[in-house]
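Have a look at these structures, which come just after this line.
In what follows, subunit A forms one complex with subunit B and a second complex with subunit C.
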Partner chain A sequence: MKIVAVTACPTGIAHTYMAQEAIEKECRARGYEVKVETQGGMGIENELEQEEVDNADLVILAVAIGIEGEERFDEKIDEGKVLQIEPQEAIKNPSQVIDNAERL
Partner chain B sequence: MVKKEKSFLKEIQKAFSTGVSYMIPSVVVGGIFLAIALSTGTATDEGMQITNSFMQNLNDLGAAGFAMMIPILSGYIAYSISGKPALIPAMVLGFVANNPIGPDGIQTGFLGAMILGVAVGYLVKWCKTWKVLPTIRTIMPILIIPIFVTFVVGMIYIYVIAAPIGTFMDWLVRVLGGLQGGNAIILGLVIGAMTAADMGGPINKTATAFTLALMAEGIYAPNGAHRIAVAIPPLALAISTLIDKKKYTAEEKDLGITALFMGLIGITEGAIPFSVKDFKRVMPAIIIGSAVGGALGMLNGVEALVPHGGLIILPVVNGKIWYVLSMFIGVFVSVGILHFAKPNVVVEKEKEGKVLAKDMSNSKIIEGVGNENGKISN
Partner chain C sequence: MNRIKTIETNVIRKEMLLLQKECSSKNDAINSLIEKAFDTGLITRKEPFMEVVLERETEIPTAIGYEIAIPHGKSKEVKEPFIGFLQVRNSFQWTEELEDEVRLVFLIGVSDKNENNLHLKFISQLSKKLLDEDFRQALKEVTEVEKAFELLTTINSTIQN
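Right after this comes the complex of A and B.
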């Protein structure tokens, strides 16, 4: 299983990175391949290439704000393979988030 | 922008969060520079007069930061709704909202800018659905959308909605600027409670957006209350782990140290690991403590000039003594509630085997969040 995700919160200093950590940790615990792009106060870090998005089985957008490069995920959204949540949900209950994503 | 079934309200909330997100550095530049420059001035009947020419220049830089903040807010609200073509028309109109316009010189400030941002966002969204010839399509984003949208929304604003919003804004600024006694307490309580309610989440950010917007109108007290409140949840839990050692596990005590530093630098998120683990006891304690701190700050006219909290902003606070006192009293209240509400760890183990099992399954998650907290405070 390959999962890619984007995290972004309004201030971009805490929740963005906490959500990243939570998703990465949960995916690794399950033995999934994972890459999480953060759009925090410093802008885009760990950027996802279009190819990486295309190759992913699932996309998680844990975002509370409008993100840059949202069009990268258009195709995955049409396929119904994108889970949109608040960053808080990923921090509080990462295993449930991944479970929900798997049900897509 | 992408998901069609997304509810209107959610989209608006996301748009406002995006606007605030991009606006924050501009408020920081404005707040800090103005605060430093004004602190060197001499008090006169017409307010602070800055005599030093270097400080006057710093003052001008700060004023530019504040002038940009409203256009950036409206621009990125629209950007969040319909992307790049909406950005500049909304920035232009945000500038219009923030400056006197029309025969009566009406200004509508942040409220007008937010409405214009949303209006531009949706009008551009509609423009993007037009079926046009390929030759025209190429000039849509550079010629047709900016001119059409700025003209239509701008004229409707000037002729129709500017006057009522302007009247409302004048009323709002007058009321909130002159709040005293009971009303100030209520506003402080609400701001404080919202600040702690989700520790940096959407409710907290709504309070932030509100207080930032008022800063643009020159009202700094609600921001003072908010900035007192942001520090209370992490500080309260940190101190609680120090004095009530029996009520916390070893890992929680480590988290307490992290929370202490996060509280001092005004990052409410330091309290999250504790509330994840013991939601029903921690939440009331920090909400009540933050509400008390916020109310005391409002009542005593504490003003924070920057959009950040904790003790590190003390140099740019008006009413330093009450800023610190309100914060400590709020922390004291939270710690007191935690002291009486939280059972000892050992007791919990003996009495409720189920609770313990649940706590242990949660502790993995908490550990993860805690490590991340550690990174942030570094």
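Right after this comes the complex of A and C.
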């Protein structure tokens, strides 16, 4: 299983990075490949290439604001493989979030 | 390495570590930390910073589960980026709507100007570390400022990107 995700929150100080950590931890615990791009106070980090998005089984957008490069996910959205959630959901209940993503 | 150490000790200050306090509301908690930040000279004015922090709370409350809340504000009132820590003796409900009980409160302040990335990096790393259960437990049990300071300034290699 390959999962890619983007996390972003209004101030980009804490939630963005906690959501990243929560998603990475949960995926690693399940033995999944995971890459999480953060769009926060430090700009875009760990940026996802189009190819990485295309090759992913699932996409999680844990974002509370509009993000840069949303069009990268258009195709995955059409395929119904994108889970959109608030960053704090990923922080609070990472395992439930991944479960929900897997049901897509 | 020395440079990072300096950043940590700048962002975390012993004066901003409040342990075993009685506290029963979100405003009460945020207020205690803002008072301290003002006394320590980290912010220029209290009220405008409080407003920014509370505004952020109305967007989305910052209780994140795990008995932790991380209210924060980006404001020109912030002279130096900081993380204040308040450990309360008895957990309390963060908002009326949210059932989340909170015992550990981290108030984060950064200036609205282009912040030094090393400060933001440290703040993000500490935030991530809060997802570590052992770390949280240690923060709930700590009773001495010295020890709390040590915990919060020791970011180990496991959370490096």
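Please note the rule applied: the second predicted complex is superposed on the first by the 104 of 104 C-alpha atoms of A that agree within 3 Å, B and C clash if a C-alpha of one lies under 4 Å from a C-alpha of the other, contacts with A are read in each partner's own complex, and residues count from 1 in each chain.
Assume a residue touches a chain if its C-beta (ideal position, glycine included) is under 8 Å from a C-beta of that chain, and two chains touch if they have at least 3 such contacts.
Just so it is clear, the model here is predicted, and its values are computed rather than measured.
Colleague: Figure out whether A:F73 sits in contact with subunit B (first) or subunit C (second), or with both, or with neither.
Modeller: After superposing on A, A:F73 lies in contact with subunit B but is clear of subunit C.
Colleague: Tell me which partner touches more residues of subunit A in the superposed arrangement, subunit B or subunit C.
Modeller: Between subunit B and subunit C, the winner on subunit A residue contacts is B.
Colleague: Contacts for A:I13 in the overlay, against subunit B (first) and subunit C (second): which applies, first, second, both or neither?
Modeller: Both partners, subunit B and subunit C.
Colleague: So, A:K92: does it touch subunit B (first), subunit C (second), both, or neither?
Modeller: both
Colleague: Check the residue A:M42 against both partner chains and state whether it touches subunit B (first), subunit C (second), both, or neither.
Modeller: The answer is second: A:M42 touches subunit C but not subunit B.
Colleague: Looking at the overlay, does A:Q84 come into contact with subunit B only (first), subunit C only (second), both, or neither?
Modeller: first
Colleague: Looking at the overlay, does A:A64 come into contact with subunit B only (first), subunit C only (second), both, or neither?
Modeller: Both: A:A64 reaches subunit B and subunit C.
Colleague: After the superposition on A, what does A:E21 contact: first (subunit B), second (subunit C), both or neither?
Modeller: After superposition on chain A, A:E21 lies in contact with both partners, subunit B and subunit C.
Colleague: Which parts of subunit A are in contact with subunit B and also with subunit C?
Modeller: Touching subunit B and subunit C on subunit A: residues 9-11, 13-15, 17-18, 21-22, 25, 64, 86, 88, 91-93.
Colleague: Report the residues of subunit A in contact with subunit C in the complex, numbered from low to high.
Modeller: Touching subunit C from subunit A are residues 9-11, 13-18, 20-22, 25, 40-42, 45-46, 64, 86, 88, 91-93.
Colleague: Residues of subunit A touching subunit B in their complex?
Modeller: Answer in residue numbers: 9-15, 17-18, 21-22, 25, 63-66, 70-71, 73-74, 77, 82, 84, 86, 88, 91-95.
Colleague: Which of the residues in subunit B end up touching subunit A in this complex?
Modeller: So the residues of subunit B touching subunit A come out as 1-3, 6, 14-15, 17-18, 20-21, 24, 76, 79-81, 198, 200-202, 205, 208, 267, 269, 272, 276, 365, 368-369, 371-373, 375-376.
Colleague: State the interface residues of subunit C toward subunit A in the complex, per the touch definition above.
Modeller: Answer in residue numbers: 56, 59-60, 62, 64-66, 70, 72-74, 108, 110, 115, 117, 120-121, 123-125, 127-128, 130-131, 159, 161.
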